[in-house]
Amino acid sequence: MTAQTPPMGWNSWDCFGAAVNEEQVKANADYIAENLREYGWEYVVVDIQWYQPFADSHEYQPFSELVMDAFGRLIPAPNRFPSSANNTGFKKLAKYVHDRGLKFGIHIMRGMPRMAAHKDLKIKDSDFTAKQVADPNSICFWNPDMYGLKCESNEAGARAYYDSIFKMYASWGVDFVKVDDIAREYPRCRKEIELIHDAVKNCGRDIVLSLSPGPAPIAQAEHLKANANMWRITDDFWDKWELLLDMFKRAEEWCTHAGPGHWPDADMLPVGALRQDYNPDDRTRFTKDEQITMMSLWCMMRSPLMVGAHLPKNDEFTLKLLTNKEILDIEKTTHCAHQLYRTDSEIAWIAPSKNAKTVYVALFNISDKKRKLVFDLSSADLSGYADAKELWTGKKVPVLDDKVSVQINAHGAAVFRFDC
Amino acid sequence: MTAQTPPMGWNSWDCFGAAVNEEQVKANADYIAENLREYGWEYVVVDIQWYQPFADSHEYQPFSELVMDAFGRLIPAPNRFPSSANNTGFKKLAKYVHDRGLKFGIHIMRGMPRMAAHKDLKIKDSDFTAKQVADPNSICFWNPDMYGLKCESNEAGARAYYDSIFKMYASWGVDFVKVDDIAREYPRCRKEIELIHDAVKNCGRDIVLSLSPGPAPIAQAEHLKANANMWRITDDFWDKWELLLDMFKRAEEWCTHAGPGHWPDADMLPVGALRQDYNPDDRTRFTKDEQITMMSLWCMMRSPLMVGAHLPKNDEFTLKLLTNKEILDIEKTTHCAHQLYRTDSEIAWIAPSKNAKTVYVALFNISDKKRKLVFDLSSADLSGYADAKELWTGKKVPVLDDKVSVQINAHGAAVFRFDC
Amino acid sequence: MTAQTPPMGWNSWDCFGAAVNEEQVKANADYIAENLREYGWEYVVVDIQWYQPFADSHEYQPFSELVMDAFGRLIPAPNRFPSSANNTGFKKLAKYVHDRGLKFGIHIMRGMPRMAAHKDLKIKDSDFTAKQVADPNSICFWNPDMYGLKCESNEAGARAYYDSIFKMYASWGVDFVKVDDIAREYPRCRKEIELIHDAVKNCGRDIVLSLSPGPAPIAQAEHLKANANMWRITDDFWDKWELLLDMFKRAEEWCTHAGPGHWPDADMLPVGALRQDYNPDDRTRFTKDEQITMMSLWCMMRSPLMVGAHLPKNDEFTLKLLTNKEILDIEKTTHCAHQLYRTDSEIAWIAPSKNAKTVYVALFNISDKKRKLVFDLSSADLSGYADAKELWTGKKVPVLDDKVSVQINAHGAAVFRFDC
Amino acid sequence: MTAQTPPMGWNSWDCFGAAVNEEQVKANADYIAENLREYGWEYVVVDIQWYQPFADSHEYQPFSELVMDAFGRLIPAPNRFPSSANNTGFKKLAKYVHDRGLKFGIHIMRGMPRMAAHKDLKIKDSDFTAKQVADPNSICFWNPDMYGLKCESNEAGARAYYDSIFKMYASWGVDFVKVDDIAREYPRCRKEIELIHDAVKNCGRDIVLSLSPGPAPIAQAEHLKANANMWRITDDFWDKWELLLDMFKRAEEWCTHAGPGHWPDADMLPVGALRQDYNPDDRTRFTKDEQITMMSLWCMMRSPLMVGAHLPKNDEFTLKLLTNKEILDIEKTTHCAHQLYRTDSEIAWIAPSKNAKTVYVALFNISDKKRKLVFDLSSADLSGYADAKELWTGKKVPVLDDKVSVQINAHGAAVFRFDC
């Protein structure tokens, strides 16, 4: 089964928008193989519009001609992905990634290209044509490329199209597909999610299915768990404190739904070098403390981790942030994590490990100044520990009178591991 | 100023759907000229998709090729409107109608044809192209033909397109344009309504502007009054008692907003021969009493009157229904009409005339059986009249003890005129 | 039938709060008889807590001992209403008012005094006791005196109590009862309203039934018309421009429901000397223009008129405001009034007269500066008049090109009468 | 600190309503001491209206005279609690309970008796009188006895009253107070909850504070955790499958908020002999399977356990249900419990133990027929166990292919303990 633990990897959106090219993907894959792979980072994901020859930033250009095959299936724009020449799609790029011990992923929009419908192309291995399958009323409100499919009124046709694209992705060697314009589109896209889930199952290759954008509705938790491996719980996340603070509420809401094969997703980590399409000097606006808070929360809640940085430009802090083995262990060894309490100035989370006498407690200083935070072990049924290890500093902290204390900077965090 | 009294005419939708052709339009124009014109009926309106060569019913066919000129302006499908050959548009058909002392109208969808945008056609008399003006995210949810325009982000371009089509309509001799997918689309289409209003004003011809579909939001009453001559107050109205009963509530809500140049519109009158595209024997499912109720309410509230019948198939009842001069007078001579009261079984409306000592009172039996309705004149400040005339029967009715009484069939109506 | 035209009179609340006494009531009755009666003002209404010996302002004092008889019926506090001594209730005060050609009214809260229930008093002319009839869960949220009655679960008992108090009021000579804590309490008080309506009908005397406080729900218009003579359409109205401006919206909403016997009520007129319990020098904070706007709107919409001033302190402006016969005529002679249009800076209302060729149009300048307002007669179906009379200035105004123009001060109004 | 684990005990409401008497309380205390104490059951709670001499069922009688002292504090009705004679309150009954190694609890309504306010009694150890402290507008909508206090406008007075009653309860030896008409009354009762919390803290005795009725709002979780030891998450729970099924949703919602000192409360357990005031033969309408489901869910979610039965009438099944030590251990040894998944026919919960390698998984068959349920350990990160113990049958169940299977009756449950 795929995604037994939360998927970890890199995604091109935060640093290159819709304009990423083959060379950039390779450079990041190389970096991961050398620096991050041993810590569990493995997916290399090409985000939106790899089929759009003219994409040059995070903006979309309506009514552009997208590259597609005779069956209305989008294929890489050869000017941006030269290895895709001769109708080989992403086969060669996937191999490049696989050769480095990593996995290869792509982003797609639900539906088919609008022009495939207007041209009424044939759907591969079926008697349907695009006109019969595309729904002229089902569009995406932030991207102009596609029509959704008639999943209810022509289920067989919609299924044929989704099968046709996932079989192609499998033949390319794709390991991860992020489907967009779908996770928050309940009830309208409920059936479309099911057809895509079926297409993944039938494509002949293990593929992690990721749904975007959020917020996915909490009332659909069981449907999402049954049909996808991860799904976004917020709209696009960026390097702003307000968005990070807001994530605590969503993490609390979703925490009981994380488990093997199904992971609520807090979105990419906007660290390091970002938005390179606009400004090659741009870097995350998060403070170091905020980045520590983000990593701590994502790990405690067991969110998938997809780093958004242009990795070769990582500084030392960023690299350390992404390679704290003891923090990353939380993702792999715990279950049943949840928020313990929240006040105006602090938040506490607990995550027990599955099979050993270890418990993690994270303390977050959400106030705007440095504060001393005190955690009372007895308030969480944890009496009896003699000391704890704080995992960002690596220091032992004594338990006095059933309490641990720690100074935390504004917007910062501490993560304690209690072992017995 | 246009539409000083509520516009009256014929519309092709109820009887022919999207499939009406030139011959049918002419046949109805002929009928109106001979039988209805003297009673005030004058507009002959060709409804939706006159530019779609393959339309054959009330259903729309997605991704069909629409007939348009080099500037992305829809023109009549010549297979359906032969007189439009040689790029003359509706010029000859309009002349045919004008020659009979009538006025000519058409239906359009807001926006431009989707394919005009994908082909990026030039916009007439401007430096804009379709790609710059069409909004890929602004579609209609029940018709697949068009993209709305970027009225906010490219106002000049959107204005150029709307000006270009209304100038063409003016050149054809169009007197009435019903714009669809717009009246209930507040706030999204607010600006689009204003640009269309401006295009009407600037096109060089008096054109009545009608907005569909409803329900238009009552909170936008003043905006609608400032920008259109009539606007729908319900979704499509058909020959079902529930819809007719429902109209009383909407009529009550909107009644104070009717006045010269601006008319809340209760939609077409589904009487006589309807849905001829499906079944040439189909006729209205309304009982005669229900049709009398409908005409009485539409006149009392001063709704525009657009008959939906294939007129040449009118029976005697239908013709009489449409030619009761004294009932139609209410449309032209009253103001300040409103509902007086409503119980579970009856409703009363009052409409005073503008310049004379005449008052109309309509009584509606909304129960499912024949009942005697009694109207107490004193309850409406009308004491003092000696008698009344009931306008559907033409009979005098005495006022006894300040009251008039009348037997009314289930779902039927009586309309009294009190003169002094 | 009562209240054939909107009731007009005086109410003690705005000037004396809960603390009004006999002398003050008489002084105002005297003033009305001498100065206002000939203009239609006739009701003299004693507002809330005439049974509370310690009332001294607009504030309520919880858990005070209220004066009541052995049957749990509140009677006037003799220290405040000496003429009520010897168990004569308001008989003598009513006579004083009647002797001046006026009518006498009182205010009551729905329900019975809380202490009547706790003491379990007998209910007059019935086998019920207070305990059986009072509903311990039905209280008023702004006044501590009463329990509502069990109108559903003990209808007979509740009916007996309401009959017992209205029979007493009839025996006193009461002509008008304002029942409070009830008009906006739908659906909870629906049945209570019906029982009070029945008690009025059965009490043996013509009594106008007025329901407070507002806003009564518009969805209950027909129930209100069937059960009361007037009902408040707002919460308490005071001398603030925001409240006056807000009234236009409510007036528009309710205008079609005004008619003989049933009047939407815009609340008392806070003019002249007000809040005398706090400060004998206090006067209305409305500008003169605002007072003209208020009177114009109240008359156009045919609201009841209840003046809140301590009348003997009227200045010349206030007296003139209340005695403009031509303005007051609108209340008695029109019907079918409604708002014509509203912009950010002006509002227009129309009111046709019932039986003659006269129409009133009021123009309101709701902006914060003096402006010229132009009214286009053709926009309201009124073409053809040669001139108009402005009723606050008494001046003729010519109609030029189908238009009348007038300079109006900030927050002011003009009212035109068009005669043919 | 009180309530380190979820409180367990007996409450008089389900079996005796408002009418319980001293003898009945003692009989149940005796039974607990002999049969249940060793399993952790310890609180003996006298529910509502022990101060009402005439209470005879689950119904309330409005306007009855309640027994109170000179300071407006309710004291036991001596006809029902003879040991309270001579102003000793519950002192002797508490001692009786304490002598059996148990703890004593009472129920109160927030606020003070209505008549204390109307009589304006003095408040003990303060300069306030009842009139100043009672809020005439703050009543309970299902019980007629009390007025809430002016916690905002006279905080000192309200505090004085609550201090005065809790000091009395402490002097009686009360260990547990269930305050009613308060837990779902946010935001209105927010401050009242805080004052009661303070009164508990200041009364000089460890008292568990329990708030009713539910549903308490989830948005107030942190306020509840800070101010009370337990609070109801539903309205009154009774022996109906629909209510039990509904509890799963609420349990899921609240599960992350259970912890030492603060427990979401799923309400009393309606098992055994119930509603004895109406019918001495009445017993729970739950099937045995439903009772097992209820006990399993309450323990997994760590709800307080308050049995509603008249215990001396327990049959063997009921006694066994309440004395399954291994099931009750879940309440004391786990943390971080939550729902794993839910389908139309089944629900799974997980609860890891705090300090050992033990995990509990409960499977619930919510369908209406017997079914085989299969639990895949890998889906919950639990791979590696060789077998499990089912705690209701006491049987070992093998783990085959990472799965356990079990036949469960309609509405029944199984609880597995996995040990390593």
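Note that the chains take the letters A, B, C and D in the order they are written out, and that residue 1 is the start of every chain.
The rule is simple: a contact is a pair of C-beta atoms (placed from the backbone, for glycine too) under 8 Å apart; a residue touches a chain by one contact, two chains touch by 3 or more.
If you're wondering where the values come from, they're calculated on a predicted model, not measured in any experiment.
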The chains touching both subunit C and subunit D are none
Per the C-alpha centroid definition, the whole-Å distance linking subunit A and subunit D comes out as 43
Between subunit A and subunit B, the Cα-mean centres are separated in Å by 52
Cα centre of subunit A to Cα centre of subunit C, whole Å, reads 64
Among all residues of subunit D, those touching at least two other chains are none
Among line, ring, star, complete and other, the chain contact graph is ring
Residue set of subunit B touching subunit A in the complex reads 62-63, 114-115, 117-118, 120, 131, 134, 136-137, 139-142, 144
In the complex, subunit A touches subunit D at residues 1, 4, 222, 225, 252, 255-256, 259-261, 335-343, 350, 352, 354-357, 359, 378-382, 384, 420
